[in-house]
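Written below as structure tokens is the structure these notes are about.
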Amino acid sequence: MTATVRPSEPMNVIEPHEWRHGTVVAGVKWKNPVGTASGTFQLDACGDYYDVTQMGAICTKGVSPVPWEGNPGPRIAESPAGMVNSVGLQNPGVDHYLADELPKLKELGALVITNVAGHSDEDYAEVTAKLADSDADMLEINVSCPNVSHGGMSVGTDPATLSRLIGRLRKMTDKPMIVKLSPNVTDIVTIAHAAVDAGADALSLINTLVGMRIDIDTGKPIMANRTGGVSGPAVLPIGLGFVWRVRQAIPDIPIIGIGGIDSGEKALEYLYAGANAVEVGAAALTDPTAPMRVARELDDLLDSRPDLAAKLAQGKSW
Amino acid sequence: MTATVRPSEPMNVIEPHEWRHGTVVAGVKWKNPVGTASGTFQLDACGDYYDVTQMGAICTKGVSPVPWEGNPGPRIAESPAGMVNSVGLQNPGVDHYLADELPKLKELGALVITNVAGHSDEDYAEVTAKLADSDADMLEINVSCPNVSHGGMSVGTDPATLSRLIGRLRKMTDKPMIVKLSPNVTDIVTIAHAAVDAGADALSLINTLVGMRIDIDTGKPIMANRTGGVSGPAVLPIGLGFVWRVRQAIPDIPIIGIGGIDSGEKALEYLYAGANAVEVGAAALTDPTAPMRVARELDDLLDSRPDLAAKLAQGKSW
Amino acid sequence: MTEERFMSTATSAAVVQEAERFGRKPGRRVDEIVRAGTLAEGVYELVIRDAYVARNAKPAQFVNLYPADASLLLPRPFGVAEVTGDEVTLIYQVAGAGTRQFTQLAAGDAVDVLGPLGKPFDLDKSANYVLVGGGLGIPPVMLAAQALSVRDDVTVTTAFGYRNERFADDLVAQYVDAPHSITNEEGNVIDLLDSIVPELEAAAKAGRPPIVLSCGPTPMMKAVAQWGGRHGAEVQLSLEARMGCGYGACVACVVDTPQGRLKVCKDGPVFTSEQLGWVV
Amino acid sequence: MTEERFMSTATSAAVVQEAERFGRKPGRRVDEIVRAGTLAEGVYELVIRDAYVARNAKPAQFVNLYPADASLLLPRPFGVAEVTGDEVTLIYQVAGAGTRQFTQLAAGDAVDVLGPLGKPFDLDKSANYVLVGGGLGIPPVMLAAQALSVRDDVTVTTAFGYRNERFADDLVAQYVDAPHSITNEEGNVIDLLDSIVPELEAAAKAGRPPIVLSCGPTPMMKAVAQWGGRHGAEVQLSLEARMGCGYGACVACVVDTPQGRLKVCKDGPVFTSEQLGWVV
């Protein structure tokens, strides 16, 4: 028998809170530096557990031009301190999003980042066009899903392709545009530069790492789609490494750090690595209130770090 | 208080064992499909705990043309179900290796894979030349360390550079040559093809993923070298994903699967993903006898999988 | 650095209290284990103290348990089998690492919990509810027996298929009007259903048409759906799927239906055989 | 899938027995906890039953403990402080997630262990051994007091520097000829050493020259090394470093010395001040 540490005084995470430490990402003020990560938040599920307006930002699931049915199940497998998913961007499409989830989120008063998905430049453009006049506060362009019109390679892994896409989207909207980068690349710095040079206002990273699990009873992959994307605590050091390298190379671009964050301490590591804000993904699946808890813990931790807190409030990074 | 499962009948892992299920990698017979992974085995340390001749193969630490002092300490940080190291290939050089560790390993009767390290093509060539006439059974060319003569990029991340290097080494030795690939790449299949086309007899993967941790009390990276390489259970699904993709693309090349293996079950996942053998790294740091235990567990698991066992014995993969 | 974060640090009572104060559902919390034991070979019982689940759980709803081992992230969903005061009974078998760890839990230990979750059986009608459970699909339908037992306008019939030991018959006896069960050796639940057709027809004539509530292995449930089609019975099926969250956030747990891919955790786990397109 | 693998499944006795039968050192194993408690504020004692460590541990050697939480992989090294029969005492403070988890262990619980590890102090000479420990550097030098207490040809002097509570003075009293200690408020160990110079000189004249054995924070040990240099005393220092394995396999734990980067876990933890180039 072994022990688990369970502090006896739990923190109240969902009560309304006076946020002491905000951040600014691409000119947009967040009441705290913690957002939800795309694909792990749905208003009709997460809103049951906490007041979504208390988050720094709500990043929605990927929105495509038409409804997508995603990949067949099983869609998820476990890995040590991680999970592998092959959801495949199932979503009801941009029209449904504009008619339903976005107005609900905005009516509540949430700061909304709309995650934009596509299989081709056309797809991204179509969604961006429809979002340009919407109430979304920021757009996050997810360029790390398989891109059919470019021979199965991801837009986010080729600087020239990425540059062309972002340049095109840039002309379509004045909304702050975040480009979400893939960790499945040889040279993140070149790709980050391509996005920034083409007009990205901010970068978010990391998306999931390609991975899989196999069922040793059948000898076959656990997920119907065979491979999927790895996330969760297991990827924490990898996400930190990516954020650090991009921050070293590009001093001024706002960065949203993502990957394996499940506590204020880990969020803080990302801020020290150079992020201006963070998003919480897998942890929210394991506890619906995790994003709120991370935000609360970080608010406390920033009290004793006035220099860092001041930089964030000014839209600067560590 | 919570519980940990501790089976009451422990397996004896170090007693001499009649191995029932061997494998063949690039024409070399292993008594079982489990080897040690480079950088996590040292004869004068591991040999205290088990009979090294009982392993399928012993892969030694990276050997460079001259002694390397590696990176300054601290060199290691923990991450959830993983570890990040920045040892930086500290080793006493090929002459010392040939005079000391290799003869000792061969005198005992171990099957030895010598891991070859270099900062430049010259380095690799110099080490390979000295190993060509040695008693090493196989060479593993580690092309995933920073390569100074190529502008700081890794040899293992550029197909053309890799092809040139492997082509050159190929002419220098008839020894079975394994090329150890990096997971920090956009397109593993192109790189694997480059290695194979240039004469690699086998591939091993994965090496570590770039990552880091930060000390939130100082705001600075934990390791002196800032970033390092992530390994351990956390990378299991990532390693499996890489082996699977390479096996799908290249049906016949022998593959040694590496990454996060700490049990016979996980070794078996790699075999089903397409590996012909595996190497155990981080797990050996956490328990010196782990590689032997993995081998014993796998031997038992293969009893009930005669088809897989037969393929391995014939030098084929699942 | 705190790596153990994925374990909840908050006690059940505090979390529930805060959630209710602010009109929310309670998040992940720590419950005390009241009792842990074995019901039959390979069948374990775990009784947790969770007043919120006890008050709110409806038949076919489930709770997520989380292994204490922080390297196992995903939820382990289990149907709520019975509720007594503030105690909640779960019944499970060992399927992998998580359930293996749960068998080590003892009274006084703690376990992380979320729930109750999912869409319950629809029990609105006056009917003869026929609870068809197979193996570890029995626990999720048990709560229906308990819930229906207090009503005058329904009849409760069970048709449980066991691998061998009849671990649940005694537990539900007090709630059931017409208990039936069968073991693998004796036959399957379809055989059992066929054998009680006269009984069901009699009840139907008396104004209690059969509504089948079923949970079990997929092939069994498909057969049950078709049996229901053949006998003109409404069939509600409680499905299983690998879950990422269990509360509707990740869309990992889909089932293919004629209306598209639906979430087992939130659109279900209960679906009618029509919804699933499982009737011929 | 078994994710919990990084925990040893083998009991101490079985692992040790097998290893000794085949002439090897025992690998990672599960030890029973005999006692767990608090020695002072923030200073914890953990007594494990490990006959092999008890029989083989030499002063300044350490054991690796491993957290039960499978997401914490790396070894937590602790100096062996005392040995009684087959019981081994470790004394530690909370530094992070692993030690925080250890504080929850109680008698009867189990913990994973490897060791004893490392190169011990060299105690070959007849001398006045001056044990200079600072804070949680005290436990690693305590075993030297116990080991030396049985010898006629040595004198044992302690100079312990505590943050505040003198948690170890009583524990070593029986083993020490000349016990001295100081708290942060009163001064540091160099002040203490200076104050006992006459005593050391007397012992040296009587044929027992001082040999300093020290463990503590690096700045303290550097000061001790220089103090030894000034007073012509041989100084052996037991270092700490972040470890990947603790037994010499990974070269993670290096210390920079004039002879190059050496492994703290295997070339050390004990080094002379000359080896480290720490004498002026």
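To keep things simple, chains are lettered A, B, C and D as they appear, and every chain counts its residues starting from 1.
Convention: a residue touches a chain if its C-beta (ideal position, glycine included) is under 8 Å from a C-beta of that chain, and two chains touch if they have at least 3 such contacts.
Predicted model only: the values in this text are computed from it and were never measured.
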item: Partner chains shared by chain C and chain D (touch criterion as defined above); value: A, B
item: Rounded Å distance, chain B centre to chain D centre (Cα mean); value: 34
item: Gap in Å, rounded to a whole number, between the CA centres of chain C and chain B; value: 46
item: Overlap residues in chain B, where contacts from two or more other chains coincide; value: 1-5, 77-82, 213, 216, 232-233, 265
item: Overlap residues in chain C, where contacts from two or more other chains coincide; value: 1-4, 68-72, 100-101, 104, 110
item: Pairwise touch network: line, ring, star, complete, or other; value: complete
item: Residue ranges of chain C touching chain D (in the complex, touch as defined); value: 1-4, 69-72, 96-97, 100-101
item: For the chain A and chain C complex, residues of the former touching the latter; value: 1, 4-8, 10-16, 39-42, 44-46, 48-51, 61, 69-70, 72-78, 80-83, 85, 87, 90, 222, 232-233, 262-263, 265-266, 282-290
item: Interface residues, chain B side, partner chain C - complex; value: 1-5, 78-81, 213, 216, 233
item: Partner chain A, residues of chain D touching it in the complex; value: 1, 3, 68-71, 100-101, 103-106, 108-111
item: Touch list for chain A against partner chain B, complex; value: 1-4, 77, 79-82, 84, 153, 157, 184-187, 209-214, 216, 219-221, 226-227, 230, 232-238, 240-242, 244-245, 260, 265, 268-269, 272-273, 301, 305, 308, 318
